[in-house]
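Quick one: this structure, given as structure tokens, is what I'll be asking you about.
Every chain is named by a letter (A, B, C and D) in the order it is written, and numbering of its residues begins at 1.
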Amino acid sequence: MANKPFAITLKPGTSLANLTGSWRSARPVYLNRLPPCNNACPAGENIQGWLFHAESGDYEQAWRVLVRDNPLPAVMGRVCYHPCETSCNRGQLDEAVGINSVERFLGDEANKRGWKFDAPAAATGKKVLVVGAGPSGLSAAYHLARMGHQVEIQEAGPLAGGMMRFGIPKYRLPREVLDAEVQRILDLGVTLKLNTKVEHIEQSMKDGGFDAAFLAVGAHIGKRAMIPAGDAAHIVDAVSVLRSMEGEDKPMLGRKVVVYGGGNTAIDVARSVKRMGGEPIIVYRRTRDRAPAHDFEIEEALQEGVLIKWLSTIKQAEVGEITVEKMELDEKGFPQPTGEFEKLEADSVVLALGQDVDLSLLEGVSGLEIKDGTVQVAPNMMTGHDGIFAGGDMVPSERTVTVGVGHGKKAARNIDAWLRDITYAPEPKHEIATFDKLNPWYYSDADKTVRPMLDMIRRQTSFDEVQGGLDETNALFEARRCLSCGNCFECDNCYGVCPDNAVIKLGPGKGFEFNYDYCKGCGICEAECPCGSIKMVPEDI
Amino acid sequence: MLKQIEGSKAVAEAIALCRPEVICAYPISPQTHIVEALGEMVKSEELAPCEFINVESEFAAMSVAIGSSAAGARSYTATASQGLLFMVEAVYNAAGLGLPIVMTVANRAIGAPINIWNDHSDSLSQRDSGWMQLFAETNQEAVDLHIQAFKLAEELSMPIMVCMDGFILTHAFERVDIPTQEQVDGYLPPFDPRQSLDPKEPISIGAMVGPEAFMEVKYLAHAKQMQALELIPQLAAEFKQQFGRDSGGLVRTYRADDAETMIVAMGSVLGTVKDTVDELREQGHKIGVLGIISYRPFPLQEVRAALVNCKRFVVLEKSLAVGMGGIVATDVRMAVSGTGLKGFTAIAGLGGRNITKASLHKLFLEAEQEKLEPVTFLDLDWDVVNKQLEREKQNRHSGPIAENILYDKGMSTSAAKFG
Amino acid sequence: MSFQPVKFYQTGTYTVGNRLLGPDERSVQSGELRSNSINSGHRACQGCGEALGARYAIDAAMAESNNQLIAVNATGCLEVFSTPYPESSWQLPWIHSLFGNAAAVATGVAAALKVKGKTEVRVVAQGGDGGTTDIGFGCLSGMFERNDDVLYICYDNEAYMNTGVQRSSATPPTARTATTMPVGKEPGNVFGQGKNVPEIAMAHGIPYVATATVADLRDLEYKVRKAMKMHGARYIHIFVPCPLGWGSASHDTIKLARLAKETGTFPVFEAEHGEVTSVLKIRKKQPIEEYLKPQKRFAHLFGKHAHPEMVEHLQAIADRNIRKYGLLDEEKAHG
Amino acid sequence: MFQIRVHGRGGQGVVTATEMLSVAAFEEGRHAQAFPSFGSERTGAPVVAFCRLDDKEIRLREPIMEPDALIIQDPTLLHQIDVFSGLKPDGYVLLNSAHSFEQIGLGELVKQRGHSKMSTLPATELGLKHVGRPIPNVPLIAGFAALSGMFKLESVIKAINEKFSGKVAEGNIAAATEAYELVKQQMEDRAHA
């Protein structure tokens, strides 16, 4: 530059000498916020984490991330009531991401391609007894096995799966799907003893030399209601009806079947009845919006021709008919009798009023606390008795497969810690990436992919699976609808929108850094971060 | 090669010999013939490679030249009068950026009243712009000065105006020796810019410079023009070597050796002055002439040396510092300050008023007798002026001066032309 | 597994980058090796839209020209904040001459390059709205009319910001500036004045005219790159919010540009040889208030002494833009 | 020094006439200076242009106020301005007219100044005849060459060839030649009269 005109001509890029970072009164920082889906998942899945891999078409990696938390994606992708989708921020934009459908796709893909779990960690020499091969028990067994513990499942029934097999109809969960995922768990070296009812837990532990036990026997005893009934009135409980569906001998319920209750079990029974050629009527004392069953299940049932009498209670059951009383909701929303009665044809009445737990195996075990028919457990899932943990439907909680799987995982982690004589401390949860933290402008408009439904005639006449799965194209599409709430997905917005070039791009997978030498603290990066992964923090003065 | 040729055409041919790469111009009399001729040469590819750009204003003309010069192209434009004033902001800018643009100024008066005829008001208004200004006495000198101007501008990286009297030179058919391409090429090397916009070596030209460095930048521009005082005679000498002609330089004297009265002037009027001086010399008057070629930089030393031995001098100038008097005279007086020389200023030829030998004869004799007012207006019609002044004394709203004067003189505008 | 060709579902074309895109589909701004034509350390205000717009545009032009680019700058904020002695932010050959002559200087640069046979080197001229729509308009029109090989980019922040926020011919009606104060019967800038330079540019019949905003980077880059593929006079008018002059939060710069487009107040389109060839549709139409309210320059339209009739008038202008350019899909159907 | 003033109207090639006169002189090795009365003349307006001839460099830049010769391209000017202003007593006058001085009422002038340096020439007609345009300038300068004996016809033809080419040049040369001969004949006739 020596020969260039003084002062008027300048060297290029020399403004780097001017550290504009000193202008700043607030600084941007990168942070991770907890996506609402992850927060809502009872199984504690890192949903966003596995969607991330699915977005780039790496389904195996997506599946591997998924099964870190849940060994049953193909099952879960069918039967989970997906609270993740309910809380999905995308729901406020267009429609929630079809997390459940992608999960199923991944699970099916794993089955189709025969993916195996990663090999377990080195053997610890510890033995754990898992009682019950339902979702919770299988989940606990899986996690414990992967941690290197020797696991044996003792199952009272003839087949593994628990309520997944004996409570959920085939048209929602084909059995080969269940079998494949159970087998993959067993392939980890888990021992499964069928038709082995644990009569006394302490004895069984002692006999088998188990260091700890996880109880997950479920809730299989159908609740009875006091219905005045004639001797010949045919009243059965829903659990037995559904269980008998699995056997050779289908239950004899007659043509007109009244199902009493408003939960998902009631719907399952009614829809199964329809498929067996019956004419189901659901009787429920409240209104549709107050029914515990999921609305989409109610809707599907109605589509298939299931009749539902809302605001009705059964007052009397006789042979061939029942008497129902119309109800009305009081101002608090409770149903109150009206004194209006009606008779309905009913060859049988199926009670779907909930289930109780068979707690017989716990008799004589010290330290336990039983309340409302369930076993009380500490936050680490351990009962009052040292070394005995419990989960699933037998502990106080929402009784869903997903909750059960989550219990199994949580219990496994705590059992592992207990066996190692340490305390399992889950990582503190990040603040939740609520919708207001996002800048949704940047997400392109993309409606949810609708999964194919079986045609109506076959839905009404067969137990074929009602809802189809996604194919590879639309699974990818669906995965990519994920907003990546709260976690940087390297969209480069911050890097691009900074007027001061004060964002350093570290390269694929490495994210970004702020260059505080030049960042003036304008906050555009925070405002334009689509997923809420930047926060402005006042400078210390 | 000798040619009987119009001044503008001769200058155009000289410019073309200098191989300009970008020419831009906006029409304004009396400069138009130059760029018209150049435009034709570019279009016929007689002058190539060269870009000829028809701009939409003089401001754009100078701006285009700024751009092309900054990008390393030898750049030329021409203007006059209002056109020069319209581009003033860019004129200063070109100098500030140190861009060696060569511009012909076909000197013309500035309005209002609008007037297309010759005087020096236009380029003299730009005396502080940072541009060098050389004044041609003849069309031969106009040709020669342009060739020297490119070399001077490019060696110093400073822009330069070559000033030639509008119409009087631009439109006069005279004998001019047009050099050959080989001669010019031998004198003027290809443009090697001091800096240029080039992706290979990016620079930022045109920074904002604050109080901490502005004075220095301005001083350096001044220092450049001081260098030019040395370079101009050197280039004229080299020119003589190459072309065999005396042309250019800072100043030129005529019959000055024993002169007691010196006439100082710039441009084409020097010819009439010399003829007048010849007659006076024949009559025994000790009178000589100092022609100033380089108005900017102003050769204080050379002017002083040329005048120091006379007794009195008259600065005959075609410009007026309204409210003050002479413009060139001020600089000349600065040059002789402390000598005690008697100096007169004669304002002449404004707006194309003819400067006749007869009037000069009278003026010089009066100067010799030191009977002149310090500032004299040559051939001013005092009758008309006094009438108007009288009118204005009586009535503040006495109407437009120009119209009144024409009325007083009993002239229509078309009749005013003759003579 | 057969690999599905990657499509851009997740984040559309709205983000700066996306890991799912192929290299050729990525924006210039997402690249680690983007030229950062205007370097860090410049003295623009926090959240300056012009600094951002300039880097977007010039980086794109650099990418398209293989870094063979020369920039000419009009006087204004961009010039002052980028090149105060002794430091320059520019990383490409750059010249500033005057306020009103950027287009002409660029013509000169282009002429020099042509005559020197440097056909690979391209020229871009840039200025603010004052330097473009007002004082530089004559030179701009001349450059257009001669169809000189220059891409002129106007960074429009709708007033003279460098001198302290005075009205320009790009200042919208009702806006408060230092010379259109919110006092009197018609507070702020008046209705019925100002000029639409993109349309005037189109009237010159030049090869390419486009408008863009800093909120639509991909659209902006597409237009700059397209313009750079062409020769002759080209004009891109980029809407760049100014937190200082508009009285908006520094973090709202992009949001306001987005709202200007989504309300229809700033139509985003492109035209070739005087004919509109495409418009950027409004995605989620917003009422004009959404755009006006975050800006203090429009504060007098709301609050205690509100001027709803003026807001209505501004809405009508936006609606006219929407009709005229077919900014909404249904509008197009009706049209 | 010899000074010529040419009067005419805008569009009649007045300025060109002086330029060609200067070129003709240049061809004969003399110094010449041609220049117009500068102004923004429009077609039809009275116009004047000047030409100086000398054997040494011409430095003088004042307009020609006392011409040695007058060429009047348009006789209608006679009634508008004093074209004879400053004309030297022995100055030449060449007038574009198909009529004699006497016929157009300038008999008195001829009586004063004598016949030897005055001539009229139907230059417009010659222009029409040979070039197809009523431009009298070329015939007039050729006529002036004959009248004054200042230039040879060949020099005028050289000047024509420098200014024009092809058919236009040919026509002009024919016009010049005829004009030259006409004036020469006139002068000879008078000399013998």
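In this text, a contact is a pair of C-beta atoms (placed from the backbone, for glycine too) under 8 Å apart; a residue touches a chain by one contact, two chains touch by 3 or more.
Just so you know, these numbers come straight off a predicted model, no measurement behind them.
Visitor: Name the chain whose C-alpha centroid is most distant from the C-alpha centroid of chain D.
Guide: A
Visitor: Using the touch rule from the top, work out which pair, B-D or B-C, shares more C-beta pairs.
Guide: Pair with the higher count of C-beta contacts: B-C.
Visitor: What is the distance in Å between the mean C-alpha positions of chain A and chain D?
Guide: 113
Visitor: On a C-alpha centroid basis, what's the spacing between chain B and chain D, in Å?
Guide: Computed value for the inter-centroid distance: 34 Å.
Visitor: Using Cα averages as centroids, what's the distance between chain B and chain C in whole Å?
Guide: Roughly 44 Å, centre to centre.
Visitor: Need the CA-centroid distance for the pair chain A / chain B, whole Å please.
Guide: Those two chain centres are 92 Å apart.
Visitor: Counting only residues that touch at least two other chains, what does the list for chain B look like?
Guide: 97, 202-207, 209, 213
Visitor: Please output the residue numbers of chain C that touch at least 2 other chains, ranges allowed.
Guide: In chain C, 82-83, 85-86, 88, 90-92, 94 touch at least two other chains.
Visitor: Chain contact graph: line, ring, star, complete or other?
Guide: other
Visitor: Go through the chains and record each pair that touches.
Guide: Those chain pairs which touch are A-B, A-C, B-C, B-D.
Visitor: Please output the residues of chain C touching chain B within their complex, sorted ascending.
Guide: 67-70, 72-73, 79-80, 82-86, 88, 90-98, 100-101, 104-117, 121, 138-139, 141-142, 145-146, 148
Visitor: Within the complex, which stretch of chain D touches chain B?
Guide: Touching chain B: residues 18-19, 22-23, 25-27, 31-40, 45-46, 48, 58-63, 65, 81, 85 of chain D.
Visitor: Taking the complex as given, what residues does chain A use to touch chain C?
Guide: Those residues of chain A that touch chain C are 7-8, 10-20, 23, 55-57, 59, 113, 441-446, 472-473, 476-477, 480-482, 489-493, 495-502, 505, 507-508, 515, 517-518, 520-524, 526-528, 530, 536.
Visitor: In the complex of these two chains, what residues of chain B are touching chain D?
Guide: Contacts found on chain B: 2, 4, 6, 29-30, 116-118, 138, 165-168, 171-175, 268-272, 274-275, 352, 354-357, 414-415, 417-419.
Visitor: Applying the document's contact rule, which stretches of chain B touch chain C when the two form their complex?
Guide: 21-22, 24, 49-51, 53-57, 59-61, 63-73, 75, 89-90, 93, 97, 197-199, 201-210, 212-213
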